[in-house]
Amino acid sequence: MFKNLITESTAKSPWLFHINSGSCNGCDIELVAVLTPRYDAERFGFKLAGSPRHADIVVVSGPLTQQSLPRTLRAISQVPEPRCIVTIGSCPQSGNVFKGSYSVMAPLSKYVHVDVAVAGCTPKPEAIMDGLVQATEILKEKRKAWLEAKKNGLKDGPKAETEQEVPAAEDVPASGEEVQQ
Amino acid sequence: MDFPFVREAVKNLFSRSSCDMYPLKPSEAAEQYRGRIEYDPSKCINCHFCERVCAGGAISVVEVPVEEGTQITRTFDLSTCTFCNTCADFCNTHAIKLTKDYHMIGLKEGDLLVSGTFVKVAKKKPAPPPAEAKPEEKAAPAIKPRDDGKPVQDPSKCVYCGICAKKCLGEALTVDRKEKLWKLDEDKCVSCGTCEEVCPKKAIIM
Amino acid sequence: MTNLLSYTHFPVYSIMVLFLGAFLVVIAGKSKALRHIFAICAVTASLACLIALIKPVMIDGEVIAYWMGAREPAGGYAIGIALEVDALSLFFGLLIATAVFVSCCYSITYMRFDENVSQYYTLFLMLSGGVIGLVLSGDLFNMFIMVEILTFAAVALTAFRNKAHGALEAAFKYLVVGCIGSTCILAGTIMLYAQARTLNFAQLSAFIPGNFNTSTIIAFALLYIGFSTKAFIVPFHPLAADAHGAAPASISVLISGVLTKSGIYGIIRLTYFLFQSMALGKMQFLLVFIGSVSMFVCVTMALAQHDFKRLLAFHSISQIGYVLTACGLCTALGISAGLYHAMNHTLFKGLLFLAAGAVLQQTGTTDLNKLGGLSKRMPHTTVLFLIGAFSISGIPPFNGFASKWMVYQATYQKAVESGNIGFLFATIIALITSVLTLASFVKVSQSVFFGQLPEEYKDVKEVPFGMRFAMGIFAVLCIVTGLFRELVTHYLTEPAARAVFDVGKYINSMLGDGYASAVMGANAPVRTEVVFDMAGTWQPIHWLLLLCILLLAITLVALLGRYDTVSENKAALAEGKFDIFFGGEKSVPSQVGGGDLFWGFKHNWRHYFSFMHDLHSGIVNDYALWAVVALALAMLYMLIVL
Amino acid sequence: MAIVYSSLVYLGYILIFPGFLFCFVAGMLITGIDRKIVAKMQKRVGPPILQPMYDFFKLMGKETIIPAAANKTVFLAAPIVGLAAMVVIQLFIPVISTPILYGTADLIVILYLLLIPALAEIYGGSASGSPYAGVGLSREMVTIIACELPLVLIFLSVAKTVGNAMGTGLCFSLSDIAAYQAANGSLMLKASMIPAAIAMLLVIPGETGNHPFDAAEAETEICEGMLAEYSGAPLGIYKLTHAIKTFTLTALFVALFLGGIGTGIVLLDALIEFAICVVLTIIFISLVHAVTARLKIEQLFKYYWTAVSTIALISLVLAWFGM
């Protein structure tokens, strides 16, 4: 009898964990602007959580620099299921203007399945809010999928989680040549 | 003992919240807001300017030869775009326009791509000018670069657009489009090579 | 004398068995098993004798007077040495015998790595024999001899592991100040004997209250300072930290659980029986003031410690401060609370020291900054330690709370009755000390048992069963005495409290009826009706029932919602899903413990802590100077007051 | 049959009315109202009143990750013990003037019982082995020490005042205090008790660890302090304990200082008490939360041991001289 109550409240109280992997802080202040009185995401239950263990939605901003990539992926892996990953701005999607630089490891979708991508080089707070509300819908499906996975024995969610092998920061080749698009 | 903000806090308690209820009341972006890109393929003359000036490398073109010319599809990848509006500025024929629509959420692969295709009909080549009329120009020997390193103009390629004059740092060049005149002032020229580089038609040789 | 097995002989048996055991252990020589059998038999026999005495002394209220060598008092002068067992001495005797028994079981496995262990057992049995002798003897000089035996045995045992860091130095300090204390007791006994020409306790307590003159008052001060050195009260407390820090754990249990109680026993006998001066407000003020000061000073010193055993040592002095404050109130509830807390203190302090010994044996160090995360490698010791920690910091179901609760009621009731605000401050200091005790034990549990396991202790194993069994006995006793508060107070502490107020019976049973009224005439102690009314209610069993029902309900709710099974698979492990969150970094071993806890509190009290740091210099001459100055002050105070 | 009936009623008391269910609903509503009022004060719309319920049930559905370095049993047992102890405290506090379960614990016991939920959080954090939790528990312990002194002074002064009137000079049991207030007016009106009441209201945010005094769970500085490694159901139970604690402390204030206004009907009393608790939370927790910034741990300690303790001491001295 609790099942649908829990699924409903999964969508109603999504907690965000924000990871800044080298962003110019444009998207960071926009994300925080979403929580200010004018846009007030707390109406939908959004709250910034201090540690990944408390998070449901992981919000990533920044072009995933070489140093921050392994740390971002480790923090994302520490978020309990069901979780979904939202990227803000163009940087995590494609590396934006920094594409081709030796130290930029974007896009994030190479390493982790990205659920919602909010485009815009600093997307408007309304756009971020749309993206987050979209993410809460996906969170519900994810929870159902996760329960099925657990029911029929699959210990952890579908393996497709990480398509590519994670190049830990230490062994990334010095010149970023072949990593480039 | 002054307690800052207590009066404001209590006053706020009874006043309306300053939240403009976004999803319930749609909110318009500012007038010149640079949002989603709108591309009108019919106006496009495929001058490739937008690709060259795009900082994020967001624009990509696919040209497929078709029987009446080449079918050109130009796609703008919004997830790489920085919305700086440079492509719209440079597009002489105003085919690209950034609208006020800020709602760019990508769920599936293709959500953030804006593309348009058009067929560029190849113009019938005017009858080849009589070969002998200006054989010497045609057969003019390739222009040899001058030995003192100063730039030399190749009149057959030059379209007298004037970019080299505009870009020349020392104002050594004067170009007149009507009289098809290209003059170099030797002593002002420092042979820095900007004109050669800038010339869209590669008509200047150093 | 006909029937050797009648209970009147048991006091002598319980003392002599221990000394006999001490002798036999040496004869056992090389064979370990024989030596262990002798030790265990001696200790169990002595405990059995004392338990057998509960029925006559505690329940029937009889006071056993036993003349050694059957020399009855002739012509009104008690020549022979007497043993007198009333409820108070039996209470302390039982306490000491249990602690000795458990410590002996523990030391069998604990000392298995040390060499020349037979000397250890001799000293151990001499120490326990001395203490039980001190508690049961009815003769002042006999008390002095027993004090000598236990002091020297304790000093020798402190230096038993002489290669350990600071063991010899600690033993030397203990020897110096211990001897100052013993000489004070001797001097006091001589002066009393010069005045009363008798050494028998009952006769003295009949003679002295009548004629206070300067020499008896000075003797009182000397005896008081002598016994307070044995109890390590405030002027002598740094001594305890060194002695416990260096002594092996089973001996620290004895020093902190048993020797301090013998000091308290001596002070109670002295002030309530010998000089019967506790009715004076000034005397109560002396004891309560010293008790509160030692409570607060020692607990703040404990918070600043970096060593597990030194921290426990300072705590035992602060708990002794509780006992002294409660006993100094001179109200029935006060003494009952004080004795109850003394018993609880022996139990949970013993448990904590044994846990410290277990940690020392397995990891080789007790430094709070180096240890961490031992709960994963030593689960049983952790559980036992937690029971001890919760008891000492007074968490409701455990025994520490029951006695502290009575102590607060007693001090506050005394404050209300006497109207003087000093006792109110004693209550407040007692409550604040309890929270600070809790703080320091949270510090110990975080820096030793929880937090992250450092590299070098990866393969630490659990302690052998013998040590866990001994700790288990203390743990069970801690829980039982906490839950059945009414039983303990009814059968143990209240009879002892009544005995303290019933000096007349003490004298008459020793020297024949009517002696007290004959000698003391007017101020003969009349038997007053003792009342133990509480100002509040606390039934631990009822409370525990509630807690268990709710625990059941909540675990049911949690399991109903299928407390999600924890998913563990190799891929997730590699990804770092189960590593500690370090802001994304690879989890580097970083233990938060020891010195860097409670910065907020230490920062606010930094001047106090730096002053205390300079005061506790660790040099012997300072401590000796303190002892002498304390003696002088005590004499001055007594002369003014009495 | 009577025993079965009375034990059922007893079970009902524990699990339904003043017990688990009532605390759950009351705690959640109070926290919801608190968050909404704080939002309103910042000109925000704020979450719906039932938001804590949604948070709790969402957390119940999430996966529970137990770090490899954690001590599993203590890690899972700590929140449950904390919650059970919190509900037990609520059972002893008389609902305005009619104590439901009296005769088990008194004022000093409540003072010590309030330690158990805080200790549950401390041992939970310490069992998780995270350094953030280590710093968090060190700050939490200093907060407990800080709040202890004012609470001690308040309880002693209340015991003294009620004791004077009752003749025994000292009275710690809550039921007698409730009876005294029912007889001759709530304590709040007595001159000597007003400083104690103010001190108690200042201690409540500190004791529950609400905003200005939440150095122990500062999500910005040390990632939720002791709860850094908790996820899923244990975290939900910790949040529930926190919610019930807010309600219990305000209910304790009402029981101690506003005792006399009961109407006798238990349910109506409960509603009145809940309403008063909500008003108190709004003024003394939400307003303080919306207006102040987080205190450093030693400022918190100094604030409680100097300012609030002197207020409580004034009332103790007044009570002492029989005012």
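Letters A, B, C and D mark the chains as written, and numbering starts fresh at 1 in each.
Please note the rule applied: a contact is a pair of C-beta atoms (placed from the backbone, for glycine too) under 8 Å apart; a residue touches a chain by one contact, two chains touch by 3 or more.
In this text the structure is predicted, and so the values were computed from the model without any measurement.
Participant: Which chain pair is joined by more contacting C-beta pairs, B-D or A-B?
Facilitator: Looking at A-B and B-D side by side, A-B shows more C-beta contacts.
Participant: I'd like the Å distance between the centres of chain A and chain B, where a centre is the mean of that chain's Cα atoms.
Facilitator: Distance between chain centres, rounded to whole Å: 34 Å.
Participant: Quick one: chain B and chain C, Cα centre-to-centre, how many Å?
Facilitator: That gives a centre separation of 89 Å.
Participant: Centroid of chain B to centroid of chain D, CA atoms only: how many Å?
Facilitator: The separation of the two C-alpha centroids amounts to 66 Å.
Participant: Please work out the Cα centroid separation of chain A and chain C, and write it as a whole number of Å.
Facilitator: Computed from C-alpha means, the inter-chain centre distance equals 59 Å.
Participant: What are the residues of chain C that contact at least two other chains?
Facilitator: Residues 561, 564, 567, 577, 579, 581, 583 of chain C each touch two or more of the other chains.
Participant: Which chain D residues touch at least two other chains?
Facilitator: Each of 39, 42-46, 60-65, 132, 223, 228-229, 232 in chain D touches at least two other chains.
Participant: On chain A, where are the residues touching two or more other chains?
Facilitator: Chain A, residues with two or more chain partners: 2, 6, 37, 40, 43, 51, 53, 78, 81.
Participant: Which word fits how the chains touch one another: line, ring, star, complete or other?
Facilitator: Contact map by chain: other.
Participant: In their complex, what parts of chain D are in touch with chain A?
Facilitator: Its residues touching chain A are 39, 42-48, 51, 53-58, 60-65, 132, 218-220, 222-224, 227-232, 235.
Participant: Considering only the defined contacts, which chain A positions touch chain C in the complex?
Facilitator: Within the complex, chain A contacts chain C at residues 2, 6, 19, 51-53, 68, 70-75, 77-78, 81, 150, 155-156, 159, 162, 166.
Participant: Using the touch definition from the top, list the residues of chain B that touch chain A in their complex.
Facilitator: 17-20, 22-23, 27, 29, 35, 55-57, 77-84, 102-107, 111-112
Participant: Which positions of chain A touch chain B when the two form their complex?
Facilitator: Contact set of chain A toward chain B: 37-40, 43, 90, 93-97, 99, 107, 115-121, 123-127, 129-131, 133-134.
Participant: Inside the complex, what are the residues of chain C that reach chain D?
Facilitator: 373, 375-376, 382, 394-396, 401, 405, 408-409, 412-413, 416-417, 421, 424, 427-428, 431-432, 435-436, 438-439, 442-443, 445-446, 450-453, 533, 535-539, 542-543, 546-547, 549-551, 553-555, 558, 561, 563-564, 566-567, 573, 577-583, 587, 590-593, 596-601, 603-604
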